[in-house]
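Look at the two complexes coming up: subunit A is in both, with subunit B in one and subunit C in the other.
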Partner chain A sequence: MKNNILIIGGGPAGLEASAQLQRMGYNVILIERSPKLGGHLAKWDRLFPDRVPADEVLRSLLDATEGVKCFTDTDIRAINRLDKSYNVRLTNGITVLSDAVLVASGFDLFNAVRKEEYGYGIYNQVMTNADLEAYFRTGEDRRIENPRKVGFVHCVGSRDEKAGCRSCSKVCCATAVKQAIEMKQAFPEAEVFCFYMDLRLFGRHYEDLYLEAQKEYGVRFIRGRVAEVSENFDGTLLVKAEDTVASKPLKVTLDLLVLMAGMRPSASGKALGELLGMNVEDDGYFAVRSGIAAGQRSQQPGIFLAGAATGPKTLPETLADARAAAMEVDRYLTEVFPDARNYKQLVKERW
Partner chain B sequence: MTPLSYLLAAQAEVPEVIDRIPSGFSYFVIPFTVGVAFMFCWLGVGLIRLLADIPKEDRIKFGKSLFIPKVALKNIKELFCDCLFHVKIWQRKPLLGYMHSAIAFGWFMIIILGHIEVALFVPARLNVTRGGLFYPIFYRYFVWMNPGHTTLRGSFFFFLMDFFLLYILSGIALAIFKRFRSIVLGMRHTTKPSFADRVALYSLWMIFPLRLLAESFTADLSGGSFLTIPVNQFWHFLFGDKLWFMPCWWAYSICLGLFFAAMPFSRYMHILTEVLWILLRNAGVKPNHPRKGVAEAEIYACSSCGLCLDACPMNVQKKNLKYSSVYFIRFLRRHNEKKINAIADKCLMCDKCHALCPVGVDAPALRRAQRATVNNTMPYNYAYLDASGSVQPSEPGRVHSRFAAAENGLSPESAPADSTQPCHANPGVLYFAGCMTHLTPRIIKSVEKVFKAAGVEYAFADREGGICCGRPLMLAGRTDAAAKVIEANKQMIEASGCKTLVLSCPICYKIFKEEYHLEGINVVHYTQFINELIAAGRLDVKKTDEKIVYHDPCELGRGCGVYLEPRAALSQVGTLVKASKEYDESICCGGSLGSLTLDTHDRAKISQASLQALLSGNPETIVTACPLCLKTFSEAVSRGENLEQHVKVKDFAEAICP
Partner chain C sequence: MVDFGFGLVPSSRINLDLFDKGKYEELAALEPDVRICMACGSCTAVCTAGKFEPTSLREAIEDIKNARADKALQMLEPCQLCGKCSMVCPRGINTRHLILSINKIYSEK
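Take a look at the complex of A and B:
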């Protein structure tokens, strides 16, 4: 008998896990609340560190999901646990009896309106990293018209207690460096500044990207938080920051300001978590079972977690997480789930 | 049953009252006399020390103030209203007010009436050498009423004495009840009593019931009225003819003595200190140290009533109770340096405890003074004040920006060529946004929109950034640094030649109004300015049926007393609904700059409580007139914890000119 596995969230994590479990012979049902599969990956243009087109990566992920039952525009309406399985009612009216559930509900981009001092939604010439990706994809944005001076603000809504987020979003430093280079490529005449607290370029090849930005493209990195932004009469922006290396305040006029909005726990994920009775930690992301070795198991037997639902991750990390989750699901469905007599004992020992 | 007094034959020309004991003394008065004498000595020494700690000019100012008729009148009024009638407590919590005034006013009246009786009937005994200290207190013990000769006047006093005794007893009954069930009187939190508090408290509870016992035991001798006579008859009914009243008088005297001896070390010290504090306060002398001089009178005037516990927004979390003003004051009294600093730094400086304190203890000011003892000595870098050259007073109409342009190797063109910004020859109106408003650009946008719509000619003092108004430094206790900043800003503003200075931040407004002393310049908050524009017909507004609730920012409401103008203006654009706590009871948004140590988690809890109060009338929009509140509420609403309804958060100017 093939076990049913429900995967919630059709982003990179959900797609990769479905593909893996499908290959192992399970009956995979993938649901995605938006009309399109791909999650945030579908919104990006090129990916750091190698600047490969995001569409290519997405295509290969989608190709591998051949045979997976996919419902888009679908969310969960209700869920209840039977003895061992979950009875899940979907918003499209279908009911699924599922032996394991994988939550891959991903993240939300920080709403930059909340950092009002940066003027997103108030000044015309302020955009976010996601807006800039959209511009690179479509070539259209009313804010971008041969800009001469462009600034990138790191850590918008991350590492900021006042914005309700203490931790680092991991991806935005690399994204900023990548986008700074892309900006220089598109507008070689432009001066580009990055305002950072410290650069967290931890991954393989990230440092190369950073050196390239400095050496080949002349991107200026300024250590210091942007204090405030105001708008000049001509619509340009006056940015005030403190250069903490020179320990001096500085002021610069820019044509365009790009905010590196960070990753926040997904709101629809949160609603889902409430339905499933899953705990979140102080940072708002789902709590895993416990400790370092817990991997992708949630605190509820039979429910697994993958991708950005458990905290900021880059794409390679997300995909690795999804594969690991597939392994965990498989182990559970072969070693614990079938043993009806000892199920409770096994869950106690192994979950 | 033959009451003793009938044994005295009625004679013509005999006095109404007979001084029963020729020596005018009995041993039982000793405990009381010792206690009270001890208290007076202690207080006398304390008073001298306190006055010695006040700077000389303040002492002279204080002395003179007592003879200024206006101040004297105010003193008398406040002494009666605050010390005896406790009007402020009445206003907040009627039952609690009744309790306090019953004990204070009732006791006061009994003492006064006792003295009047002595003065009328045995005047010689008022003399200190003939027992003046205790005789009026134990009057009923020392005299015999001459039954056939009781006059109307005498009965009148009997009645009054019984009446006030009953009045006090009702207050005491409430007090005892309150200890056990403080909730009923509308207080969520009561203070924890110290040892001396306890001694004083229990003896206070005992004093008046014992007085009733003692006086009722002797009522057939020395007279009584509707209370003491029936009780006396009851005792006779129970115990027969012979009543052993001495133990009662002893107990009464011991309790009084204990109370007065414990008083200087207990919270009841406030009864006397409050008098001094009112006189000092009305003389206009301010504390310059958190504990010495005027502050000493102030901290000992605190009655530990605990009203500030309920007032304090930090106390939405029980763990923060320890940071309340009443405990701050208690630790100041006990010289507990470590705890004092921690408590002083925690407070939001929202001023609510001050506004609601029945004694008018300005605990936030004491906290500022305490912070100054630590923070004012810290090194501080003023280099930025003259970073880009000094202001140019010779050039009226030009507002100079102080920010260093394009430093740090950025190309110089990156800043506008001229960093001074031309304005009208005589701008009339100068708008100073301040650092907080610069963090909330939508306020600037809206204010400028309003100015434009009303055709106001104005200059923007700090479009490209200015220096801080100094209030945050002041709140942190960095008084000297604040003075430097104030001086620099003052020059800039005076050089502009403006007539009206408009501020969109209440934090700036408060300090500009109180500390800048800008001669000939009308300093207004934008709510006042815009309200006037509307009233003068210069600004057209459209009335909608949007349900608006207005949040009183701490620094604007309690800080500067501006409550009505913003409401008047807002009622022109929407329908104002009430918040469950408003005006001087408004709850701090939680974002206040005042606290130096409160963390985001605690602040978020306060924001929630404040929001809850604002949402009680189901508004669609929360309007505030402070950049900090705007930011805090926007954040809290977007976090959306425990919020059923969705509300918008708008700035005042934004609401007026959408």
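Take a look at the complex of A and C:
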């Protein structure tokens, strides 16, 4: 029997899980609310630590989903649990009877406008990490015209209780170092500064990237959070921080300031969670069933989670999570689901 | 270390053995926020007094933890309690209140 599996979210997690489950012989239906598959990956230029083109990675993910039924521009209108399965009505008019649902709703980038003191949307020369990636993809941005001094602000909308974002977004440190290098490659004469509180370069090869930025590109790392930005008459920016290593307040005039907007729980994911009756934790990300070993099971039988829906993750982590979710779905559909008589007992024991 | 009984200058080394735990706990009971500072330096960066005199709440907290409450009090003396630091603190520390409490507790002989 070929079970139907509904996967919600066409980013890397959804794509990878689709490919895996399709290969296992399941009937996979993938829905994506935006017009295009790929999620944030489709908007990025190159990826840390090796700076491989994001398009290449996305291409290989898409190629592997051959045979998966994909619906873009599609959201969920209603969902209700039958005895064991889920009856899902999609916005494109199709109704799916699904034996398992995988939520891969991903993340939103923090809205940098909310950190008013950094002046995004107020001062011309302030941009975000996503804007800079768009520039690297297209070579076009009115803010970038041979900048001589560029600053990167780490932790924008991360580790900021006041903005309601306590958690570390995990990927911004490595992204900032990568973008700092790319900026130096594009504009070798430019001076580049990274303002950080802690550099969290935990992954394999990330430290190499950091070393490269210091050694080959002379990026200046300043330990201090940018506290205030103002615009000079000539359009340049006056940036203030404390150099906490020197224990001195610091100011520097920059031509361009890049804000490393962090990961926030996806707003559409939240709406979906309400529809599915799924709990979120204090940080806004979905709760898994229980504790550290629960893996990719949600608190609802038959509903699984993968990727950044359960907290900030790097791309390799997301893909590994998606593969693990595929395994969990398979285990559920082979061991628990088919046993009609003992289903409830099995869910109690094994979910 | 051998004590030769004299010294030309006081040691500038941080000596955690001199840390006054009792007093620090007294401060923390009154002002639990003192524990949550992550030393980002935002307060110091925007300090209006700091433009003219060395003034730094971040450093003052560090000094207290490093058994140099005397330096902490000195560091906070130019503070005008304008409260700019409380606006930028990412952990939402009530900085003015903390500064007053540090003064209250560590000024007592």
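Rule of thumb we're sticking to: the second predicted complex is superposed on the first by the 351 of 351 C-alpha atoms of A that agree within 3 Å, B and C clash if a C-alpha of one lies under 4 Å from a C-alpha of the other, contacts with A are read in each partner's own complex, and residues count from 1 in each chain.
Note that in this section a contact is a pair of C-beta atoms (placed from the backbone, for glycine too) under 8 Å apart; a residue touches a chain by one contact, two chains touch by 3 or more.
The shown structure was predicted, so the numbers you read here are calculated from the model rather than taken from an experiment.
After superposition onto subunit A, partners subunit B and subunit C are found to clash with each other.
Note on subunit A: of its two partners subunit C and subunit B, the one contacting more of its residues is B.
Residue contacts after overlaying the shared chain place A:A42 against neither subunit B nor subunit C. In the superposition on chain A, A:A287 contacts neither subunit B nor subunit C.
Shared-chain residue A:V347: touches no atom of subunit B or subunit C.
In the superposed pair of complexes, A:M24 makes contact with neither subunit B nor subunit C.
In the superposition on chain A, contact is made by A:D243 with both subunit B and subunit C.
By the touch criterion stated above, A:E117 is placed in contact with subunit B and with subunit C alike. Of the two partner chains placed around the shared chain by superposition, subunit C is the only one that A:M197 touches, whereas subunit B remains out of contact.
In the superposition on chain A, A:K162 makes contact with both subunit B and subunit C.
Once the two complexes are overlaid on the shared chain, A:N232 sits against subunit B while remaining clear of subunit C.
Mapped onto the common chain A, subunit B and subunit C collide along 380-388, the only clashing stretch among 380-388, 506-514, 524-532 or 614-622.
Once the two complexes are overlaid on chain A, the subunit A residues touched by subunit B in the first and by subunit C in the second are 117, 161-163, 228, 240, 243, 249-250. Those residues of subunit A lying in contact with subunit B across their complex are 111, 114, 116-117, 119, 122-123, 149, 161-164, 191, 220, 222, 228-232, 238, 240, 243, 246, 248-253.
On the side of subunit C, the complex with subunit A involves touching residues 38-47, 50-51, 56, 58-59, 87-92.
By the touch criterion stated above, subunit A contacts subunit C in their complex at residues 117, 155, 159-163, 197, 223-228, 240-244, 247, 249-250. Note for the complex: subunit B touches subunit A at residues 384, 387, 403-408, 410-411, 414-416, 435, 438-442, 444-445, 463-465, 599-600, 604, 631, 634-635, 638-639.
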